[in-house]
Amino acid sequence: MRLFLSDYFVLYLSLAYFFALVPFLPTLSNPANLANVLSNMWPLLVVAIGQTFVLTIAGIDLSQGSVVGFTSVVAAMLLATTASPDVLSNAPIWGIILTEEGGPLGHTSFGIPLAILIMILVGAAIGAFNGFAIAQFQMPPFMVTLVTMIVISAFAIFLTQSENIRNLPEQYILLGKGDIVSIYLGAQDESRIPRREIYSLITYPMVIAISVAIVAHLLLNRTVFGKQVFAVGTNRKAAEISGVPVRRIIVLVFTISAVCATIGAILYSTRLEAGRPTLGEGNFLLDVIGATVIGGTSLFGGKGKIIWTVFGVFFFVLLSNTLNLMNLSSFHIDMVKGSVIVAAALLDVWRTRLMREMNA
Amino acid sequence: MSRQTQTLLGFDRLRKEYFGVPAVTDLVLDVPVGQVVGVIGENGAGKSTLMNMIGGVVPPTSGQMFWKGQAYAPRSPGDATMLGIAFIHQELNLFTNLTIAENIFVDGFPTRFGLIDRAEMRGKTQALLEQLSLDASPDTMVDHLAPGERQLVEIAKALHRDAELIIFDEPTTSLTPRETARLFETIERLKADHKTILYISHILSDVERLSDRIVVLRDGELVAEGPTDEFDIPRMITAMIGRELSGLFPKRSAKPRGETLLSVQGLSQPGVLDNVSFDIRAGEIFGLFGLMGSGRSEMARILFGLDPYAAGTVTLNGATLAGSVRDRIRAGMAFVTEDRRAEGLMMDASIMDNLSLVSIERFGRTPVALLDEKAIAAKTEALKSDIQIKAGSIAVQPVRSLSGGNQQKVVIGKWLINEPALFILDEPTRGVDVGAKYEIYALADRLAAAGNGILFISSELEEIAGVCDRVMVMNRGEVMGTFDAPPFVDTEILALAFGEQAKTREVSA
Amino acid sequence: MRHTKSMIAAGAIAVAGAAATLPGTASAASICFAFQDLETEFWVAGHTAITRTLEEAGHTVIERNANEDANRQLEQVRDCIAQGVDGVIIIPQDGESAVTIVNEAQDNDVPIAVFNRPPSDLSNGIIVVADNASIASQAVDFLAQEAIANRQGDEKLTPLIIVGDLGDPNAIGRKDGFYEAINRYPDDFNTPIEVASEWDAATALANLEAAVTANPDIDLLFTSSDFLFPTIRSVFEPRGMWKQRGEDGHVIMGGLDGDATACQLLKEGYIDATGVQDLYFEAEAALNAILSAIEAGEAQPNEVIEDPGFALTSANLAEREMDMWGCVLLSEGFLDN
């Protein structure tokens, strides 16, 4: 019972799942596979952390995927080192921002930090718009972010005419793919180390995602802002009467969500080495919201922890990975994922009731 | 055994603990068939926990329940309903967007050829409504019914399900005197039909009038039980609070000082308030009485910056107030709202989080700086013992688990860390039992004695008269008059509240 | 690019799955086939062509469907590599992600072939590309000859082309091929009428209607994609221009893609030719290239294999029918469902 209600429940569940499957799927514990699981986890984690804030105030942010796609294009059009007119000359940004010599920041020394700053500002602006519309006009988050999703993703596709922008600077791509510490587990006396046996251990995405997680954890649990986020999620009226700046909190929370999506955009677009207007489409939101809810954050607000989301994302990525290893088709994989999310939602209801019974 | 003494529901050493703290302690009790049993006790005495165990909402920690002599261990509220146990709560569980008939049949519509048989539904509902003398069509939307009528619909629902035990939990809270009288007639009739009734109420005179037997709980234990003739109200109170209550209201410990703290001039908002002016002095408990719709709560919201107003000024400590709730809080206002569940508390959050909510910004230098958690714990712990909140660990225990009185203390307590100057208390004792009421009055007196001003809004004449230094009466958004000094006469206050003799009997303006 | 700042060479720990990577096992290799989607019939046919050929040769096929998500495809290919496959064949989501995935596989010493949708950089990997211009020109050349042969009188003929979205290199290639063929007969044809479709049936409908109203005497029509034939029919039929070969008023028509509808129309005689990517040639070429790379122990095979395609026409329908994927689908009852 204690275990069931513990913060680490989902982690224990993941580990149990892992060890239960290892005998049947030996590849699962293969270092290369573990490195894959981790590398798939980081970008999703960053985006899911943003969603955690939003769910905690009983909101939902459907626009995260479109922010990922759009900001990846923003960075790429600023940073590209060259661009092909065959592909991109029909894009409205051609000749204005992007030329055959690449983007305006493609060849400058301060280009990457500046481009990242700009993309984060753009992301923040989208999030602030969401928050403002929700707080000021009392519109439902579902509606506002749905509209933002549609508009932003259409705008991203319009900007490049659905083309992807390649040729990003190496240093930028490093953020999504670079290893800091790699590990080789093969024999020591090999003259030529087979490259597929060198595994990433510590990578830039890992460092970025863990930093974001730590900052988010402190922000949500240890600051005035975090306490007020919970207050808005638990009882908005009571929070307002108690002097919580409810509107400001809502705007900030949606801004955080979009900024997290933007950082996610850096990781996703650099691992694919291109700014892609269609990044974050399709089932991406299912993954983000699913992983967050599996972690234990409630869709009804007032209940959320970053550590839960870390474990939720881990479980979710592990689940996808094992389903892949079982050679299931993508339709089956999505069906299983969907069922797991429903199960997690049920579990949440169940846990909440149990908690209340123990306290009530 | 004669029919009267047959046991419908029995308890044998029934016990429920939360966090190891017993809420109901080894209860042994029999509820006889066909009787009305009044259950009284302060909030936190274990009444709700007992009812939750009967209703299958929470399982007992140990002990047993018996239904007609058989062991009874419901696993869900559905089990209780199936056996024939019905609850009539203070918050009614009706769908206001459905008709009476639909509400009664909501858990199983009669069908004919696979379609809902509306004719049968209407007919059966009509019969039930006649039985309860509710003069309304089965097709009436519940939305259009008065609170008393809605309650009769709840009872009709219980009868439709052949309930044998009907549990009334504070049924008269939102009823008018006439509706209350009708409810009592209904209960008499149910009793005549051999229904067994558990009647829970804080209004001891009602319990005395209705019950055949009385059960008194205190701190989870059964402290007194017996036929109603053996109880009078003072004995009930003594049993409930475990001591003699010297009076219902504490003596005021200090006189109001002279200087004006809050000054309201010409406050108006079309349709809500019409030219309201009054002053509250430092150290004064200023009563505001009005019936529903008199504008009392609306004025409180306007004073606190929650709602807009068209004209007038509000001055606190000489400074004119404008702007948002946050500005008012900064200027020294505190607002304990009428509805503590919806507007006062984060029910699932811890007591500590609730107590520190208003003053949270004091504990972090900037919104994103790390909080001084030790200081928060120290301050809230001190507050807990200062205003005597009865709870275990305030860092863990959610407010939901507290009794009504203790919840109300948390709502008041959360303002205290900021040391405000003016408290607006809107119905601070609603749903709170006798003992806790006294404590809240005492707290109000203490705050006033410390030089604060208190706007005490209530619809209970007794407490207005018992607690306040002055009483202002409102009707339809207008001030009808102000009584400057006790003794306050009920009939005079009521007369003003009904607007019958407006302004002519004004004591001062 | 992998940037290895420091490398920890830990002791020899046996790694499960790595054993299968030995070269020379191509007789029964495990191949990861990662495709982006099966939503169009073309991809269904391509998918079947590859998996069947592989399985018939006794190889293990691990299939991965990315559901049009490039990131998912990258993760799937990585998972395949972790599973220790001998080679990877992908039908990529787009040319850009293809480059990344090719690099990913080659960095891990796994041979990779890209099927049908070329990466934007052709220098790495085994890349099978169809030459759209050549295919279009073969089809249009046949149409032109037919039109000239059936000409009554000696007026110049009026050709019409429905062009695709010119942001798409395929559309440009097809248009170029069309002009190349028509320009071979400068004395026989007027300047072609161009109808824009943007790869959208509704746009094509509106523009074609306008064009046909303005020029009712069209002798030859080429559509840059077969999927527009139903649209063309709805414009032509009410005007009496949708006629079988040999009937009076038949417009010489052709397209490109070779889908099941085109095959049926060709058999019924409503159209005269369609340019086809030789899907079966492409599948075989990709497979052979990757299997021989595995056999040779070559981890980063780089090769561009061009598919010249062919035109299935009323003249060669009998012999080459089953080389066209659309006809294979048709014979399997694809249009019946």
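Order as written gives the chain letters A, B and C; numbering starts at 1 within each chain.
By definition in this document, a residue touches a chain if its C-beta (ideal position, glycine included) is under 8 Å from a C-beta of that chain, and two chains touch if they have at least 3 such contacts.
Since the model is a prediction, treat every value here as computed from it, not as a measurement.
> Select, from A-B and A-C, the pair of chains that is joined by more C-beta pairs in contact.
Looking at A-B and A-C side by side, A-C shows more C-beta contacts.
> Could you say which chain's mean Cα position falls nearest to the mean Cα position of the entire protein shown?
Of all chains shown, the one whose C-alpha centre lies nearest the global C-alpha mean is A.
> Which chain's C-alpha centroid is most distant from that of subunit A?
B
> Return the distance between the CA-based centres of subunit B and subunit C, expressed in whole Å.
Distance between chain centres, rounded to whole Å: 74 Å.
> For subunit A and subunit B, what's the span in angstrom between their mean Cα positions?
The answer is 45 Å.
> Taking the mean of the CA coordinates per chain, how far is subunit A from subunit C in Å?
35
> Please give the residue numbers of subunit C that touch subunit A in the complex, ascending.
Residues 1-13, 15-18, 21, 62-72, 74-76, 78-79, 81-84, 94-97, 99-100, 103, 107-110, 120, 166-167, 169 of subunit C touch subunit A in their complex.
> For the complex, which residues does subunit A have touching subunit B?
These residues of subunit A touch subunit B: 218-219, 222-225, 227-228, 230-231, 234-235, 237-245, 302-303, 356-360.
> Any idea which subunit B residues touch subunit A in the complex?
18-19, 52, 58, 304, 306, 325-326, 329, 335, 337, 342-349, 353, 356-358, 360-361, 363-364, 366-371, 373, 397-398, 400-401, 414
> Applying the document's contact rule, which stretches of subunit A touch subunit C when the two form their complex?
Where subunit A meets subunit C, its residues are 26-27, 29-33, 35-36, 39-40, 84, 86-87, 90, 161-166, 170, 173-174, 177-188, 193-198, 201, 268, 271-274, 276, 278-279, 281-284, 320-321, 324-325, 327, 329-331, 334.
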